[in-house]
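In the two assemblies presented below, chain A is common to both, partnered first by chain B and then by chain C.
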Partner chain A sequence: MTTSLRRAAVLGGNRIPFARQFGAYAEASNQDMLTAALDGLVARYHLGGEQVGEVVAGAVIKHSRDFNLTRESVLGSALSPSTPAYDIQQACGTGLEAAILVSNKIKLGQIESGIAGGVDTSSDAPIAVSEKLRKKLLKVNRAKGAKNQLLALTDLRPTDFGIASPGNTEPRTGLSMGEHMAQTAKTWGITREAQDELAVASHRNLAASYERGFQDDLVTSFKGLAKDANLRPDSSMEKLATLKPAFGKGENATMTAGNSTPLTDGASVVLLGSEEWAAAHGLSVQAWFVDAETAGVDFLHGDEGLLMAPAYAVARLLERNGLALQDFDYYEIHEAFASTVLATLKAWEDEDFCKNRLGRTEALGSIDRTKLNVNGSSLAAGHPFAATGGRIVASLAKQLHEKGPGSRGLISICAAGGLGVVAILEGA
Partner chain B sequence: MGEPRVETLDSAPGLAPIFVRAALSRTRRLDDAIPPRVLRLEGQRIDRDHLTAYQRLCGFTADDRLPHTYPHVLGFGLQATLLGDPAFPLPMVGLVHVENEITVHRALTADDLLEITVHADNLAPHAKGRTVQLVTEVDVDGARVWEGRSTYLARGKGETDAPSGDRPPAMPSGFPAAQWSLAADLGREYAVVSGDVNPIHLSALTAKPMGFPQAIAHGMWSYARVMAALGRHASGPVTSHVWFRKPILLPSRVDLVVDTTGIPNVAGLRSARRPDVEHLVLTVS
Partner chain C sequence: MAFDYGKFVQGGIGKQLATALGLPRPTRLRRHDPKGSLVPGAVYVTGHGDAKVAHRVSAWLERAGVPIATSPSTSVAALVLDMSEIETPADLETLRAAVAPTLKTIQPTGRVIVIGRPVEEATSVAQGAARRAIEGIVRSIGKEMRAGGTANTVLVADGAEDAVEAPLRFLLSGRSAYVDAQVFHVATPVAPVEDPSDWAKPLEGKVAVVTGAARGIGAAIADVLARDGATVVCVDIPAAGGPLVEVANRLGGSALQLDVTADDAGAKIVEHTVSRHGGFDIVVHNAGITRDKLLVNMDADRWDSVLQVNLLSILRMNEALVPAINDGGHIVNVASIAGIAGNRGQTNYGASKAGVIGMTSLLAADPTIVAKGITVNAVAPGFIETEMTAKVPLATREIGRLMNSISQGGLPIDVAETIGFFSWDASRGVTGNTVRVCGQMMMGA
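Then we have the complex of A and B:
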């Protein structure tokens, strides 16, 4: 379907290790982290002073002063200041969506190269005053003359003074993402054991990838942190079994702090380019950015789970590309929660769901679990919302390059608001 | 001047006691000899929180690289110890920082273990008194990576025909590249980070006895702020040379003016309200 377009290549990536909230990056801003991730990429691929076609990145939680976060990060980086940039935000899909946008412009011939990325901090979060106070303060500011301003000030009540910090809560339901997921986990009968198993595998796979040097050219240390702070190489079923449920209620509560991603800080970026640009810069193509799809689901009235949209997006993406779910060498399913991955896999195996919800004639079927998140995922690495897409794209592209030309990888990322962003990469 | 005596200190000395002692003993014998002392700090690990605080206050990106001017702060305690030595020929209180030169031989990061050495040099006559230079040298693994030369003036009876050293370039003119509002408490904030608690920077009350109507900004802050604003042009292995002119009275609005057309690049700070008042001019090459 994209025969008239040229191909977009994933050439490499860089991220800073992900830190736990209030850890090594407690004093780092989104701009600091994104700039550091960019500079690491620039150093690795010798892009100092280079004008890149476009830099696209974003953060889910952003201070209002950071309206031009990506551009400001570019200006602070070693890239040429003539490199244009813009911000995007699609919740946890931000990083992958940025890569989609950059690859599309490359395919269209509008740019020769681009950097996609994302950053998030849960430590240096913006704090807003209460809505009542905000409105009244604006009124004071609008008032003309000292007398009117004083008059407007008399409107303030002690109860107006409160601060609001951003939470992991859905605006329309008031439920946290974990509470939403707990409902879905229950619907799909996801067991505690299965979730803990997935979490252990994530930690072991990520630890092994560090061990074999796989992360060496994907990660640059920052503020004294050389590895993801959340990584527990010695994680085990026994240890995870001791944790108390964090989401859901009663005996059926299965989601713990061990099989859910913690709040983390971090940034990641991915370098993309046309084949010609890569050759001119002496860079080898790691993977081709083949195609992508997004989906939204109506989670508002319990009709569908908040984090189930990728199940829909993948079905449409496979259909368009004439592929079966089993036609992949690697699957990268973002571990917002272990139960998210397991519910998604179960949905694809479920004939009823695939027929009635996805409009297919049969189930998508099951996948070979040894091909899933082979270098670990968010449960082990952590999940600085917008930074997850870049982490996955760079790591999968490298894994596919190791596998060889024609190998195929599927990325699936769920996001707040009932969104899903998915993509296909092909090894080069 | 006798054989230099190297004294290795365990940690950076606290500065407040040095300033207090210096303030209490303002009478000096006008000796012509600099005590042959060399002060050294070995195995200095970078305190990341301190580094971040410095980067934020001076406008640098808060990353793992040490800003151009940062090692000066690490060595300032040693400078103050030498200047506060009762045998030092110039009185510490009232010294004016008139010039500073820094050469970075290789970019430094927060992982580098620094050896910092400071000695005094070049006691010389000046048109407005006498000057002395404090030399700060930083080594990593035995290799010289950074050096700074700070020139301080003790106002007094000068020699009008004294050699004036390198002449500063003309201040760039034209539109400001940036305009900054410097808060009234900037001196106190920088004092906390740098340890330079000289009373002229802290408040109007403490600055008045020293002849300033208001607190004045630290020269090393404005130097650092300009280097930060120059960004990549002024980072890595470069040499900078700053000439401090009129002090910045706080609070204040200042214009950054830059000329990157020539070699070396020139930048300056002037008053936003009265552009003829020049605060500093510096070159980067």
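Then we have the complex of A and C:
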């Protein structure tokens, strides 16, 4: 049993373009999309018939039949059927958490290679019957004999009939994620103008990355879609200014459909491996998966914003690695909403927050905004919940590889339930 | 469903009509079967004078286990006629005397292959005239042959006899189903001719790059090269990524998304093949587009985009590919009948494809290429049944299908098989050739 850890390498990735809800992937299931993302990765890295150490992925919105979603996708892919797989779920942190798990096993020497990913559909969503109806139907099922079953059936009332489809509301508050974020945006005084600016930059950066061929070996077309359907290369402050607020009330209603991510469908996967495995497969290391951290915040009673957990996770991660917030060449802060990114940045700049909430002696400080989401982020690409982590890891790893060895990147992803998942990559 | 004349006349009222009116009824062509025999019957081998090349061919066929006939009195599958030693046009009588009775008894999908010598090497005017006459005769035979039969010429340079087996193997086999009335030039090999250890896998251990591999003829090329043993790097534009992945994974190859017109396209191909596959032996420049308009209405964009994708990109990519390709490798370009005969509304396309033919012969003679032992050849497809031609209006489509000696369109696999043949290490005597895969289409020279 070895005690010293080895390094885990990010070798590349693949995703299908993200589609808007009920768009190009309206008929595609999570399994269809995850399989397509895997097949694209297999073709790009010549892994046909290969037994990979482990495939770890998940979806936030899942049908009950998809209990073994990742394994089923592996079986339908060009990978060897002897490749093991398992599902995880950590809301919007799913994709990044999968990469953390795979990289940890590689570091421990338990696997030589692995694929991490995620998928989500907002179009092919599961629909359940109302809770009352479900309970009564189960009672009918439990009843013994036709007579008792009929008796149980008579218990059904017209008002019991209803369907429940998943929404992005917090189970404990009944508020949508946007409504939660609107509260945080108000707390931090995030302006409409600043949010729109961030959205425009996201669209321009993503469009430019396609233009310069950066996405050529990160994305594989699916169902006739070759680029993210949500991307608006000609997005502008003027156009965004015309949009009506979608969340919040009165003067504080700064969040619109333009500076919030739309519901999207898509899948992404990342290939990780040991240095030796990469060399044996003729693959160049893009980046090293250095370290990761997760955090949870008490948004129910603790007076903290639902999506503020990454602010805490990053502070702890920097502390452990002896790094300052300014020690990075690139920052990937997931744009759940433009205001999420801006509130997080503001919190790190705020001495009071950093002292009282993060327990630091001083503020983390500000970052060079030209290093933020340089190839666009979720506002432009869209955000199929579990697929966002894989998109970011693969894209950042490539960007760091272009920058050169020793370059550093920070990933920050907020998630429902007051969760945050963050990680550090280092260019190779 | 679209009307298909070829299928209509295969049975029922269509067959009766066609027979009564004397209309053509296309024969189901014999195509390569990896498990089948090279030729479905005996090969009649004869020649003029000492017929030394014919003796070599007989010895080779015997080794290959192909039955040899000494006369066409019983039905034969093919005729190989060695006319390499003719001196004057009077000697052509040998050809008439051998071919005439053979045409009566030859099996459906039969082959007539006439071996000659290059006109340029003739030692007298009379000999040159006789040598050139062969091409005229064989082209006419191609038009007279029935039931899917083909007639082709193989011109062997003096001293290149060792290299004649590969084109003969190709022409006798089902791989050449839609190759008719072509002239194959066999010269002193650019590198030693090497037979594969197993002719069922002539490309075993080779790495091939195919551009435009996501669909149509490109996908068929990738299929054939992989079937014959090669590891295929499938290249196409990112927008075709989905279908490209399907092709690559089906073949156990790899997919590389790039725009062939990008400045670094060649460098990216080299990087991918060297790091993932340890290098490459075969390059097939297949990617191509059409932007049709009559010349009077042709704008600069349509003109430029077609020339960029179909011709200039190949020249640019070759700057990176030629130094990197393994010695003894093969480059194959996809030209078009439109580059030979021209086509209304396709001045840009015709320019690019004729340019490909010119590039092919010049690159083949390039000192770097010759020093590395690389062959460079081109195929020029005629009417090939693809998604693209399925969209052509009915009348035009049927004319395209029937305006050739075999009375049907070719299949993508027919183009692919010819490219596969150019990629054999046994074909190293064949370079600088442009071979049409057109069933002897009436268009063009």
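The definition used in the following text is that the second predicted complex is superposed on the first by the 424 of 428 C-alpha atoms of A that agree within 3 Å, B and C clash if a C-alpha of one lies under 4 Å from a C-alpha of the other, contacts with A are read in each partner's own complex, and residues count from 1 in each chain.
What we mean here is this: a residue touches a chain if its C-beta (ideal position, glycine included) is under 8 Å from a C-beta of that chain, and two chains touch if they have at least 3 such contacts.
The structure displayed is predicted, hence computed values, not measured ones.
With both complexes brought onto chain A, simultaneous placement of chain B and chain C is prevented by a clash.
Residue contacts after overlaying the shared chain place A:69 against neither chain B nor chain C. Judged by the touch definition given at the top, the superposed model places A:35 against chain B, while chain C stays out of reach. After overlaying the two complexes on the shared chain, residue contacts for A:226 are found with chain C alone; chain B is out of touch. When the two complexes are overlaid on their common chain A, residue A:27 makes contact with chain B while staying clear of chain C. Comparing chain B with chain C, more residues of chain A are touched by C. Look at A:213: by the touch rule set out above, it reaches chain C but stays clear of chain B. In the superposition on chain A, no contact is made by A:116 with either chain B or chain C.
Two complexes overlaid on chain A leave one chain C stretch from 256-264, 292-300, 382-390 or 418-426 clashing with chain B, and it is 382-390. Residues 36, 39, 78, 221-224 of chain A touch chain B in one complex and chain C in the other.
Chain C contributes residues 234, 238-242, 244-246, 248-249, 252-259, 262, 275-278 to its touches with chain A in the complex. Interface residues of chain A facing chain B in the complex, by the touch rule stated above, are 27-29, 31-32, 35-36, 39, 75-76, 78, 221-224.
Remark: chain A residues 36, 39-40, 42-46, 48-49, 78, 213, 215-217, 219-224, 226, 281-284 touch chain C in the complex.
Considering their complex, residues 48-49, 52, 61-64, 110-111, 231-232 of chain B touch chain A.
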